[in-house]
Every structure is written in C-alpha cells, then in structure tokens.
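Reading through the structure tokens given below for one structure.
We call the chains A, B, C, D, E, F, G and H, going by the order they appear; numbering starts again at 1 in every chain.
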Amino acid sequence: ERRMDQKLIKEILEKVRAGTLSINQALEDLRDLPYEDIGYAKLDLHRSLRTGFPEVVFCQGKTAKQAAEIVKKLSEHHEKILATRVTKDVADTIYASVPEGKYYPEARMFVVNKTKKNNKRHDHGKYIMVLTGGTADIPVAEEAAVTAEAMGSRVERSYDVGVAGLHRLLAQKDKIIRANVLIVVAGMEGALPSIVGGMVSRPVIAVPTSIGYGASFGGLSALLAMLNSCASGVAVMNIDNGFGAGYFAHLVNK
Amino acid sequence: ERRMDQKLIKEILEKVRAGTLSINQALEDLRDLPYEDIGYAKLDLHRSLRTGFPEVVFCQGKTAKQAAEIVKKLSEHHEKILATRVTKDVADTIYASVPEGKYYPEARMFVVNKTKKNNKRHDHGKYIMVLTGGTADIPVAEEAAVTAEAMGSRVERSYDVGVAGLHRLLAQKDKIIRANVLIVVAGMEGALPSIVGGMVSRPVIAVPTSIGYGASFGGLSALLAMLNSCASGVAVMNIDNGFGAGYFAHLVNK
Amino acid sequence: ERRMDQKLIKEILEKVRAGTLSINQALEDLRDLPYEDIGYAKLDLHRSLRTGFPEVVFCQGKTAKQAAEIVKKLSEHHEKILATRVTKDVADTIYASVPEGKYYPEARMFVVNKTKKNNKRHDHGKYIMVLTGGTADIPVAEEAAVTAEAMGSRVERSYDVGVAGLHRLLAQKDKIIRANVLIVVAGMEGALPSIVGGMVSRPVIAVPTSIGYGASFGGLSALLAMLNSCASGVAVMNIDNGFGAGYFAHLVNK
Amino acid sequence: ERRMDQKLIKEILEKVRAGTLSINQALEDLRDLPYEDIGYAKLDLHRSLRTGFPEVVFCQGKTAKQAAEIVKKLSEHHEKILATRVTKDVADTIYASVPEGKYYPEARMFVVNKTKKNNKRHDHGKYIMVLTGGTADIPVAEEAAVTAEAMGSRVERSYDVGVAGLHRLLAQKDKIIRANVLIVVAGMEGALPSIVGGMVSRPVIAVPTSIGYGASFGGLSALLAMLNSCASGVAVMNIDNGFGAGYFAHLVNK
Amino acid sequence: ERRMDQKLIKEILEKVRAGTLSINQALEDLRDLPYEDIGYAKLDLHRSLRTGFPEVVFCQGKTAKQAAEIVKKLSEHHEKILATRVTKDVADTIYASVPEGKYYPEARMFVVNKTKKNNKRHDHGKYIMVLTGGTADIPVAEEAAVTAEAMGSRVERSYDVGVAGLHRLLAQKDKIIRANVLIVVAGMEGALPSIVGGMVSRPVIAVPTSIGYGASFGGLSALLAMLNSCASGVAVMNIDNGFGAGYFAHLVNK
Amino acid sequence: ERRMDQKLIKEILEKVRAGTLSINQALEDLRDLPYEDIGYAKLDLHRSLRTGFPEVVFCQGKTAKQAAEIVKKLSEHHEKILATRVTKDVADTIYASVPEGKYYPEARMFVVNKTKKNNKRHDHGKYIMVLTGGTADIPVAEEAAVTAEAMGSRVERSYDVGVAGLHRLLAQKDKIIRANVLIVVAGMEGALPSIVGGMVSRPVIAVPTSIGYGASFGGLSALLAMLNSCASGVAVMNIDNGFGAGYFAHLVNK
Amino acid sequence: ERRMDQKLIKEILEKVRAGTLSINQALEDLRDLPYEDIGYAKLDLHRSLRTGFPEVVFCQGKTAKQAAEIVKKLSEHHEKILATRVTKDVADTIYASVPEGKYYPEARMFVVNKTKKNNKRHDHGKYIMVLTGGTADIPVAEEAAVTAEAMGSRVERSYDVGVAGLHRLLAQKDKIIRANVLIVVAGMEGALPSIVGGMVSRPVIAVPTSIGYGASFGGLSALLAMLNSCASGVAVMNIDNGFGAGYFAHLVNK
Amino acid sequence: ERRMDQKLIKEILEKVRAGTLSINQALEDLRDLPYEDIGYAKLDLHRSLRTGFPEVVFCQGKTAKQAAEIVKKLSEHHEKILATRVTKDVADTIYASVPEGKYYPEARMFVVNKTKKNNKRHDHGKYIMVLTGGTADIPVAEEAAVTAEAMGSRVERSYDVGVAGLHRLLAQKDKIIRANVLIVVAGMEGALPSIVGGMVSRPVIAVPTSIGYGASFGGLSALLAMLNSCASGVAVMNIDNGFGAGYFAHLVNK
C-alpha cells in the first residue's frame, strides 16, 4: 500500500511539473490523499526497522485448528512467530502444518524462527537472567525466556530460588549481579523481586503468577506486593505475562 | 456475683439436708439458678488464673477526657492497663489523673503496671525478637514490643532491616535465630516475614502496616503477601495491630 | 559443598603458613571465595538442627505421576515427607512407589514418617486442640492435625462446634482451656476463633476456610472476620491453609 | 389532590348522564386523566394507613441551617420526625426553631414526636432487644433504639456483650430469649449476631458498624461476616444503619 | 445427656439429705459438674420449645450417598428436615431411603415433614409474599417459599415482576400491600426490594441472587444495591440464600 | 386486557347515561377498577408505539429445549425475537421448531424478524459504526451489530483496530467520523473508546469485554478504563453486553 | 499551523513546477513533512466543524488563582467555557477576571457562553429530561443540566423522584415519556434508571452518585446496579460525572 | 565495618604465618567471623560500584524538622540525595540546613547533587522521554524526570498529550520514536502507554496516577489498564511512583 501512496503522490507531482495540474489543485489533491495511508506508510517504515521482532499469537481460547491456520498464514510472510499458551494437542496440530516451527512444552510456546543466524549478534556477553520463586512458576518463566531468546537475547535461568530458602538465591549471587536485565517470576507473596532488586543495580522486571490459593486471589497478592516493592528499579508485568516480560527484557537488553 | 450464687446453692443444700426441701424441688430450684451466673463464676475463676494479663483501652476515636476517665477507673481495680493509639495530648491528660502510668511515645501507648517485679520470672533467656522492614513501621513494632514487655516478656528489637538491603537483615542473623518467637512488622510489599520465616524454626508473627501509597491500599498489599507467605511457620495479624502481635507473642513465649 | 569450601580455605591458610602466599593475596583470595557457599554452609548447619521437620509437597495441580516421583525422590533422603492436597487417585499412585507411607483421606495427605519413635518425647501432656465450626471444615482441620502429629505433637480434635450452637462448644470447655495451643478452623462468618480466644489464655491460630457461598467470596468473609477478631491472642493463616496451621502450632507447642 | 381527581371524574360522569358528553368522548377524557394522580391518591390512601410512621431527615452533609429548615418545615405537617446523624451543633440550631423536639446525643438524633400517648398501645410486653459487641458500637445501637421507641416499640438495651467475653452475653440470656425481635450491632469480626441467632428463635437484625481499623475496611469485614452467618434467622442492614434496623424491628414488633 | 446430669445432681442431693455428704463438699461437687452439660440441658430445654423448627442439610458439595445418609439419620429423630441445594440425582438417592419425604425440583429441596396438621394453626390469613425480579430468580424464591411453608407459614408467590416492567408489579399491588411480610428475590441491579419497600409498611426481606453476568460479579451488584436501599424496612440475606429468607420470614410471620 | 378495561369503563358509563347507576356509585366502581390495569393499559398504549422493538431471550443457562420453547411461544405473538448467547447446539434446537428464524454464529444470536421491509425506513444514510480492539472481541461486537440491524439500523463494522496499532484505526478515520453513533468494543486495557471519543463529535457507546487474563479480572480492567475515559461523549455498558449496546445505539440512531 | 504546512507543501510544489526540485526529491521532502502536522490540520478541520462545543476546565484540586487564570486564558479564544467542580470561593475569583461568565452554585459550574443566540436552533421541542433519586443527587444533576443547556439543548428537570416513593415518579410520567433522551442521577441502590428505562423507548443515561454511606462504597453500589440494569436502553457514566452525562445527552439530542 | 573485618581476617592470617595459630583453629576462627559481616563487605563492595546512585528520602508523613534532619545527616556522607513528596514548607526547612540542595516545586523534590560534572558522560544523545496524559499528571512526571536527571540521564518532556486528542501525541512522534526509553504517566483510563507502546520499539514504563474521581478508585483504574496493555514492551510502576519510574528508566538508559 505504501508503494501505492507513493505512486499517487508521484503522479500528482508529475502533473504539477507538466503544468497539467495547478498548484492549488495539487494542494487539494494532496490533502485528500487518505491521511491514514500516509500515516500507515510512515509507521510501516518505522515498523520495518524493527527487524527481528516477532508476530505473536495468543492461543488460549482458540481451537487447535484456528491456531494452526493463523500460524500457517503468518508463517508465509513473517520470519518469526511466537504462539503462546499452546497446549501439547494444539502444538501437534500447528506442527502438522508448520513443520519448520518448534514446540517448547515447558513454555507452552510454538516458535517459528527463520532468522536464527542473525541472533548471534546479540550474544555479546550481555544476558537476561530469569529467576523463579518456585517450580510452579517455571511455565511463566520459560515463556519469558523462550520469547527473549527467539528475539535474539542470551538468557540465563535460575529456578526455585524463592525467599523462604535464601541460601539458594545467594548461591546464584554472582550470576545475578552480572546480568544486564533480570526477570523475576513469583507467585504467592511475590517477595523475590524486592530482594533481587536490592542485590543488583540493573532493571528488574517482576512477573506475578497465579500460583497459590486462598488469599492469593489468582495472583493479586503477588501483583500488589511487586507494585509496592521497597526496592528501586523494579517494574511489573500483568499476572502470568511471561511473554511480555521476555519482550520487555529484550528491548532493554539489545 | 459468684459468691451470691454459691450462697443460693448453699441455702438449697441446707434446706435439703434439713428436709425442708424435697429433692425434686431442689432439682428444680437448681435448674432455675441463672445459667449465666454459674457460667460467669466459672469463667471468672478461669480468668483469675490469668494474672498478669492487662486490661486494654483502644484510644483512637476517644477524646482525651474519655480516655483518661476509662484508664483512671480501670486503674482502681487492675494491676496492668495498656492504653493504645495514645497521642501525646491524650497521654498528657491521662497522666494528669493516673500519674503512676508511663507514656511510650514511639509506641503511642500509656502503660500502667503495678506488678513489675513479677515479670522477672519470664526473663529466663527466652526472648521475643521484633523486626521491622522500615523506619516508618516502628510505631507498630513498638506497640508490639511494649505490650509484650508489659506482660512480662523480654524483647529484642531490630528495626529497618527490610528486604531491599538484605545485608542489614543478615547482620542480625544470630540474634534472629536464637529468638523464641519473632514479630515481623512490614508495610509495602510485606516480604520480610517470609525471609525471616525461612531463616528460623520458631513461630513468626507477621504484622502488615498501612505504610505505603498507591497500590498498597492501606496495608492490603502487605496483608495479602503475608497470608501467602511461602515460608512455613508464619501467622498473620490485622493491619497495624502491634498490640495483638505483642500479646500473641507473649502467650507463645511464656 | 561446605566441605569443599573448608578445603579451599585450608589450602589458602596452608600456603600462608608456608609463606607461598602473601597475606594481602590471601585476603584477596578469601574475599573471592563465593559468599553464598559460606552462607549456605551456615544455614545448612542451622537447618540440620531442625531434625524432625518435614519436607512438604503441595500436590494440587500436579499429576499423580509427578507427585509420586517427587515423593519417591524425597523419601530417599528425608525422614519425614508430608504431601498435601492429595486426592485418592494420586495417593494410590504415590503409594505404589512409596509403600512405607500412609494416606489420610480426610486430611487429603500422604505422610512418610520414619522417625515415629522420637515423636514420643513431645507427648508430655501438652497438646494442640483442633476445633472446627462445621463438618465441611474438617478436611482443613485434619490437614492441620495430621501435620502437627507428624511433626511430633499430641493433638486433640473437636469438630462441628460452631457458634450457632454455643452449647456444643461449651461442652468442650475443659479440654479447650487445658490446651497448650489451639487451631480454630471455620468458614462462613469465621466467628469461632473470637469466641475460643475469649475463653483461653493460650495462642489461638485461626484458619479461614473457603466453605460457604455468595458473599463468603471463597473464604474472604471468614478471613476478614478472623483478622478483625476482638479477642486478643488470635493470629491468622491463609484460607484453607491447614498445613500451615499445624506447622505453626507445633512450633509453639514443642 | 385525590379530591380534585374525584371532582373531575364526577363532572365527566355528570356530563355523561346529562347526555352532553358522548360515551366515547368520556372514555377518552377518562383515559387522559393523569394516571399518576389516581395512583398518587391510592398510594396516599395507603400511606395514610401508616399512622405513626415518621418522616426521616438524614442530616450528614447538611449544614445546621439546612437541617433546621427541613425539620421546621416537616414539623408543620407531620407528627413524627426523626433527624439522624445530628451533631451537637446541628441539634442546637434545629432546637432553636423546633423547640418541641428533643436531642438524643448518643443516638445523634433529633426527634419530634407529637403522638407519644398512642405509643403506649404497643407496650404490651413485646420488646425489641438491642445488643452491641462493644462500647464503640453504641451510637449506632442508640440510633436503632431511639428510632424504634419513637415509632412506638418498647426497647431493652444490653451493650458491650461481645463474643470475646462470652459470660457477659450469657448473663443476659433470659432477657435475650424473651425478646420479640433483636437488633445486634457489632463491628470488627461481626460475630455477635451469629451467636445470638443460635440462642433465640426470633428474628435477629444484624447491623455491621464501621468500628475497627486495618482489614475491617470500614465495616466490610463485619458486613460479610453477618451475611454469612451460620445461624438461621439473621438478616442484615447496611453498615452503621441503626435507623434502618430500628425501623425494620418495629415493623416486625408491632 | 440431660437426664444423666439430673441423675448426678439427684445423687448429690440424696447424699446431702442422708448426711453422707457435707454441704461444702456438695457445693464443690456441684461446681465440678460439667458446666457445659447444664448449659446444654438448659439450651436443649429452650430448644424443645422450638417445636416446628426444621433440621437443615446443605447438600451442595455432598455426594448423593452422603446426603441420603444424613437425611436418613436425621429422619429417625426429627419431625422436619429440609435438605437444600438438592439436584434431581441426589433427590432420587435420598428418596430411595427416605420415601416419606418429597422433592421440590424448582426449589431444589427435599423436605421431610411429619407434622403437617399442626401447620394449619398458622394459616390465619397472614401470609408471606414471595416476589422475584425475573424467571431466573425462581429457584431461590422457591427455596424461600418451600422453607416457609414447611415451617407452617402460608405463602403467596408472584414471579417475574421486575422493575423494567413496572406494570407487572403494580398489577400485584393489592396482594403485596396485604402481605404480613415480603421476600423479594432479584439479581442484576437488585432494585425490586426498594420499590416494594416503598409500597408497603411491612418488613421486606431482600435476597440478592447470583443471576447476571459481567459487572454483576456473582451477585455483588444486587447485594450492594439491596444494602443501600433507599426504602426503610428492608433487610438483606446472603446471595442466593432462599432458605434463610424463608426461615426469617416465618419467624416474623408466626 | 386493555380492551377489557375499556369495555368495563364503557359499561359503567353506559349505565350512568341510562340512569341505572348513580354517579356516586359509578365513582366508586371506577375507583375500584384495578389501578394497575389502567396503568397497564396506558403503558401498553405507549408500548404499542414501540413497534419494531424486539422481545429478547437471554439463553445462557437455559437448556436447548427451554430456549426453543420460549422462542417458539414468543414467535406466535411477536414480530421480532432476539435470542442471545445461543450456542450452535441450542440454535439447532430452536431452528427445528422456529424455522423462520436465522442463526448468526459469530453473534451467538438467533433472530426471528417478520418485519424486514419496514426496517428500510431507517436506512437513510445514518449508520452505527461498530469497532473492536481485537479479534477476540468480535462475538460481543456482532451481538451489538446484529441487534441494531434487527431493530432497523444500518451498521458498519471495523474490527481489530486496537490502540497498539494506531495506523489501523486511523485508516478507518473517514468512516468513523461520518458515523451517527459508535459502538466501541474492547477488552484488556479498554482504551479504544477514549481514542475514538477524541476523534468524533457523536455519541460513543463503550462495551468492555471479558477478554484478557490476570489483572483484567474478567473485564473489570476495561470497564473501569471506559468509565474513566478522558474523552467526553462516552457512555458505558456492562461487560460483554453487546445486545445492550446495539439496542441503545439504535435508540440514538433512529 | 495548518497554514504553515500548506505553505511548505506549496513551496515544494512550486519548486517542482519550476523544475528546481526533482520529483524524487519532492517525494522525499513530502514524506519528511511532519506526519503529525498534516494529521493535526485534518483533525483541526474536523474540530472546527464542532462549533458550539465547549472547552472544559475541571477545577477540583486547582487553586482559585489557577482556575481563574485558565478560564481567563481560554476565554480569549473560545466562545464557550465550562468550568466544573467550582466552589463559591473559586467562582468569585474567576468572576473577578472573567465577568462575562456566570456561576451556577447548585451545579458548581462557572459558564462562559458568548453564543447564546445560536442555541435557539436546538430548541425545537426535543428536550433532555434530567431526573434524580434524591435531593442530595441534585448537584450532579445540575452539572448535567447546565452542561447540556450551555451546549444548546433544552432541558427539563424533575428531582427527588426516587424509587421508594413510586407515585412521585409516576406523577411525571408524561413528561418522561415525551423526552428525547433522559439523564437519571441516583446514589445508594441506583435503581431509578432501570425503572425509567422500562417506561420509555428513548436512550437513558445513568449517572451513579457517591451519595450514601457504608456499603455504598463511594458510589460503587449505584454504579454496579446501573451497569446491571435489567432495562434495555441504559448506558452508564462514571460516578458523579454530571458533565459527561450532559455532554453525551446533548450529542444524542442535537 | 568492612575495614574492621579485613583487619580481623588479616590478624588471623598473620598469626597463621607466624605459626602462632594452627590451621584448624584458623579455620574455626574464620568460620566464626560473623557471616553477615563478610556478606556486608561483599555487598558493600558491589554497592560502591553503584557510584552515582542516590540516597532517597520519602518525606510524606514526616515533619519538616524530621525531613530536614535526615537530609542533613545523609548529606554529610553521600553525594546525591533525593527527597521526594516535599511540600514547599518542608523544602524551606530542609533548605535552611542544607543550602547546597535545590527544590523542584513541580516535582515536589529536594535534590542534593555534588557530582554534577560526572553526569555529562551519559549525555551522549540517548534520552528518556517523559509523557503525560494530562496536566494534572505533571507532578508525578516531574518526579520521574528530576530523578532520572539527578542520576545522570538526559530527559525530554512532553506533557498533556493524552489519548482524547490524538493529534497532540502524533505531533511529538519523531521525538517519541527516537527516545531510548519512555516514561508514560497517566491517570483516569490509563490508555496512553498502550498507544505509545504501539508506536515505538523501545521499553515503555507506565506510571498510573491517582488523578481522577469516582470509579478511578485512587488510580486503580489506570493501574489495571496499564497492566493489561495490549502493546508489548510496557512495564508498570506503582500508582504515583514517579521516582521509581525515573530510577528504572535511568537503569535502562545508562
């Protein structure tokens, strides 16, 4: 479409040069050119600068067939596709039509990535550290990790280092302190990001999970705790939003 | 009243012995004795076993004059009175009529204690440790500490050891580990009890405070975090309920 | 690992003594020794003092196979394992691989306990009293009771003594008053802990349950009521957290 | 107004009888008679049956002058006026222009009642019992009591009989059991109505108060507890709605 | 048990009369008689005055077999049993063992009533009116109606007279005005009780239902609306608590 | 019924004219005519002016059989029926008995419309524009669109023009600006109505959807955002209430 | 600014015609013209079509001086200014510098309107009806009414016609039914819009107010009730948003 | 303290070299060195790497005197101090004792910065863009901007570019797109971060403000909207937490 717009403007300009169109009329014509298309072109231009950014499909609530069709269609025009919240069954169906993709069961993601070579350029020592409070938080953490890796970041993982056993966290201190950006995933009381935030001088992205019961109220408890973190340098994602955390972390890391 | 009941029963029994009252009628009379008074007597008996327990006056929302009158009146019959949420002005008014009491400004408490000697018996090495996340939590912590001390417990304090600066907490590790019971006071993300709970094998009483702003929602954030603590051995009090924590801790400690 | 650290430090010291390492360099080397490992050793030491404490597996959301594998693995190194939220089916699967364990259907727990003899030492008259408001609260109460028993406490039970029929509660008064610590489990209006708290001078651990409908909001009603208890000496656990209550009560009782 | 309507209809009918109005036109005229006026008349008729019912003025948020003007105006046409949430200052201003009224400071009410004699008819032994959990609940309880008395009911009061001291409540058992209807006012954990509901076989009207702090959330805690009462025969009013409770109780009692 | 107590007291009295027991010792023995049993006896006595009151079984969450066993057992000692939240399947199972009962499918109740004759005495013209806003509210309304009928009240029903079609409600005006007490059941905006409360001078019991979607939040919307009713004379039950409303209404009506 | 009322009044008038009924008696008879029926007649008259308005059946929670019976019955007396929240299975059952209707699977609606010709009159250029933020919002949007169309409005659709890709929205600017009224359907952050409201000077009806997860809390997030819209000219419907939006928009549009 | 853009484009076109700028370069230059300025021009054009629309100043939280300065400045370039939430003191200050404006104390608005003549064109019989449930809702209603009038709509008012006295509402039926659009303002249970919605076939704009106490939770109760209205044709504004309602109603009415 | 530890270790090492301490005993001594102090030293080391990081004082709730004392004391040992939530009065008091600091009234901050020269190193073209939806959001935005500037980042501001007037936002497009990291501050519906997030491929930090009324619930509305942003690359801070946003943004930017 962008080319069409340019063609239209070119025609107007050529008529102006040829003297077959008055300047006032040209002015009028240009103003009538659909505003939004020019806008679209510009945004598109900008968008084309975002090479390496994935298309994302949120599969929860979609049938296996629907998910497969969307991924298939996107795979014809895009280099990277991240399908999230993909159960094993849905993954099998997608894989049948998009065999170049790969399923990450722990992350519940199906990833198509045709640009793996280019990712190397990011692998210059800077890495994203992904931590979880418990083992039940791992699916959300893996969603974050796989997303960031698919976008080209190096990722280090350290799971089940929750606050009730501080020594496990402290045992990872060196790796934590050297990370360029950190994703901290926790449910229940959501305290881990505050502690990690107190240990580092790099941005910490906190992801509350819906892990817990009773007064965890589906992740509300962890969410509020993270928003109220007494540590500076902590920002918060929606409950269970591993993808968003991985995406944000990659933007910081790149 | 209890003596009255006993007198009534005694009279019945005497009439039975004297033969002036049939057993069936005595049975009837006994059943008609006010249930509640017997109950009161029994409960009272039990209550009298609770020597050393304070009478408590919650002064928030009371005028200085009202507070002073209540404390004055209680001081005539009780050995220990704890007045909580006492501002400086109210304390001055109470003190004018109850000069044997003492004001603790940080705890916002006015304490009358005529039994100080007896408290020594509790001071056998076992102590309650009171910790706070920040300096703003200190009034609640002091309310807990002064309450427990007034009841006869030994108390150790360590304030401003919040999770964002873990080293300050770890610097108190030895004192923390040797405590018999711990009170952990924190606002905002309320993470401190979870960490302390992971360090000790003694009961931890968590007290959320209304310290914070925005999504702390008047202490809700800290409250939920504490209820969802991933550490075993943590129980929770109402927001800002320092008195309750001190009382509970003393029950455990004694 | 702790031994490894000691070996490293020993080597440094030996080199210092041998004069092959300058004191400044030794100082440097010592500072480079991983902080966390020393910490880990210390904490571990402390942890080893906690003999008799169980490993806990929260089975809700785990498959029977996953739960069985975890319990199996833990049973190789630990004396006590408490698996909670275990359905009959999951219990059967665990039992197939860990036949030394035992299933408590009402508590929905699978318990492995190789140290039963030692528990006798706690059985010196002091007991935990577990009360419920209704019959529907019994599973949570049993989770508390079985946990405390597995840890070595003596437990007395009295169920269905809710506030709407006060006489049933009063009928248990003597047993209640003599308890060392009490666990009170209730859903709906959550009033029972307040009444029990008014009867005793020992710590009361209140456990709200998700029993109820409509404005009980999954236990929120009972939780708030318990946090606002007008009785002193009441602390609160998360909704349905029977395990936590049993654990906490044992810490107080031992 | 009702008489006006009747006059209009009468005129139509007379014209019909006189033959000066066709039946179809009369039909049309009748249909055009304002529906609402007939309705108003009918409802008014019904309203006139409600002799003894007060006009009510909610004074919170009104200036002393506004409140006084409204009460003054109402007092010209009505026998009973209940002004609620009246501070001392506002009461003084009202009293200046309506000296036949009386101020009840504890209830924060200003009452005009020109029909005191008639109230005697209700005083046939049946009474409303008003109970409170604590002393801070008394203003709401008095609002209920004064309302019911102004409407003609006999009221018995028993305050500060909260659940943490069961013996005080049991000491009132006989009076409680003989009440025709009960109003139970409580803040904090709101447990009292459940216990009273279990003691009686008469309707219990529960009134939560905003007394408390922290997780009482302005009376929400007590409100939820009362809605979830495990005792049958308990209905609930809005937080602090003493007037509503007194009004409802009188309707039941009369 | 009550008889046992009497036997014990009788023995004491006989020993006193026989001179084999001193009065002081008798006094002591009497005081040692379990407080609670006397209480139980007294309460039981009082309870026996409540003839006509049903035993209630809340069947939600119970298996058909459990429900049937409880109803069966209760039916051996009680005249009236109300089982609520009974699905068709559960009802069939109960009926198999308690064929004297009857199932009310709309009310989802199973009722055993061996005292039908006695109920006639209440049928003296006074009736409870049960209204619903919509057809979806009928199950809750029927639970209320069947409960009140089983307890001996006469009930009139008028369903689907919600506020969006005022004429349907007004068409029932006469029956509404003559009712002795009214139960108004509504979901969604919960406005009906306010309107009915404005039409009558009798107590209105408002029952919010969980009917609705989105911002009805499971009945919260209707519950809050009813608590805030601008009409005097409205008290509120828990969401979907038809049984409670019927019970309360009968207490008022009898 | 209206005719019945008129007949009754006519008879009274005829008797008056015939002199067989005194005016006073006629007055009495007229007053005895059921108030509500006159009201009903009037309202009915007004209702009859609402030609073209549909009867609505909310099918969620109804069995296929129940839904079919209601639609069948309504179809005998009404020209337009809108059944909402109709799954494919339910639609098949309805269709079997009401074959003149049509199922709209995306809108989950079954529509009976016997007056299609008349709708043309509304098709005079004015149209309702329906926009959605994402593809998952389409069912709610289609419910709105099909409702408005069934009532006689012209509808233009533009879906998946959410705020994260502003160019897609701007590409529809001309169609948006020319709309007479707009329905904007969005979940998650619910920002779209604010932006559309800033672009147009016509009424914008915002419909939050329950699309989202975590802190979207079933549509609460979008609902609050829409209520707080900084754009003037935005009014809000209940979560997922596409029908209400279509109905309201048609009232504005006609 | 728009003229500036046009001048820039004109220059480019003139250079093209003059041959001093290649078409490709012109294409480049045009693309570099700030996207947003073109957009601004276009939107501005559209905005200029909105003659008669006011500039709005929300004065809550502003000092009298700040408010006066903003209104003063706006009054130099705009024909209509609506300042909302204006206290008497603030109004006096504004009036001192903008004497052509007028203060509406009940609406708490200060209005500058230099185009009063033009408003007449809207006064063609169509009117907005503004209703309130109580007298305390009047400030919000007046804010709506004054806003709509300032924009050029005719407004009819009917206040204090709440649902608890249905006859007062019905007395206004004719005026209600003939309105073109209705604004219904109510606090507490928020039932009025549902009833009005059932009486008319025109759009009803519901405005919840923060009037009430206890479980009204600052207007939440009324807000939820209105969102859940069982009447079709009701849309909802934010709590206390009288201005928004008046604005929206005018958009519908014009 | 760190130096003390080193001295202790040095002494041990010297004794080892001198042969006056056995290696085993040295091992023992080293293990007895307070764990926490070593940890403290290490963390301190790491902390010392954080040159340029400020000490922060949250002044809300502190008296002018308290605030001044804290800032004074910190200013003796630290290069940068940020005091937040500083009213004019408090600022004057601080300034009196710390005249080297500067007050930023819009940001409500008092800043001491002795290292201004060093900040230049960050000013290499990369900048943080701070945007607000309205003018009322500016204090929070300024808190963010001043914080980031004090830490050494370059900041560009663009205020009052909210979603209801899209053209104002688009007019800043170029500056927005070139920013390295963005802070977007908005109250009410909180939509701005979603739109900005859709325009850029850099991290967006969303800050909800408590600006608004009614259903904004103190910023909850904006907070939820931001957490549910449909744009990738958005992370969220606590309500009104401008300081946190500025701090986080600087961590990303440096």
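Here are some notes:
Quick note on the criterion: a residue touches a chain if its C-beta (ideal position, glycine included) is under 8 Å from a C-beta of that chain, and two chains touch if they have at least 3 such contacts.
Worth saying up front: this structure is predicted, and the values here are computed from it rather than measured.
By residue number, over half of the touching pairs seen at A-C are also found at G-H, the match among B-C, G-H or D-E.
Averaging Cα coordinates per chain places chain C and chain G 59 Å apart.
Inter-chain spacing, taken between the CA centroids of chain A and chain G, is 39 Å. If you average the Cα atoms of chain A and of chain H, the two centres end up 25 Å apart.
Shared contact sites, meaning residues of chain F that touch two or more other chains, fall at 35, 39, 42-43, 166, 170, 199, 214-216, 220, 223, 227-229, 232, 238-239.
Pairwise chain contacts in this structure: A-B, A-C, A-F, A-G, A-H, B-C, B-D, B-E, B-H, C-D, C-E, C-H, D-E, D-F, D-G, E-F, E-G, F-G, F-H, G-H. The part of chain C that touches chain H in the complex is made up of residues 6, 9-10, 13-14, 16-17, 19, 23, 26-27, 30-31, 35, 38-39, 42. Residues 34-37, 39-40, 43-44, 60-61, 208, 210, 218-220, 223, 238-241 of chain D touch chain G in their complex. Of all the residues in chain A, the ones that touch chain B in their complex are 133-134, 162-166, 187-191, 194-195, 197-199, 212, 214-217, 220-222, 224-232.
The touching residues of chain G, when paired with chain D in their complex, are 136, 166-167, 170-174, 213-216.
Touching chain B in their complex are the following residues of chain C: 39, 43, 46, 49-50, 53, 56, 170, 173, 177, 181, 199, 201-203, 205, 223, 227-229, 232-239, 243-245, 247-248, 251-252.
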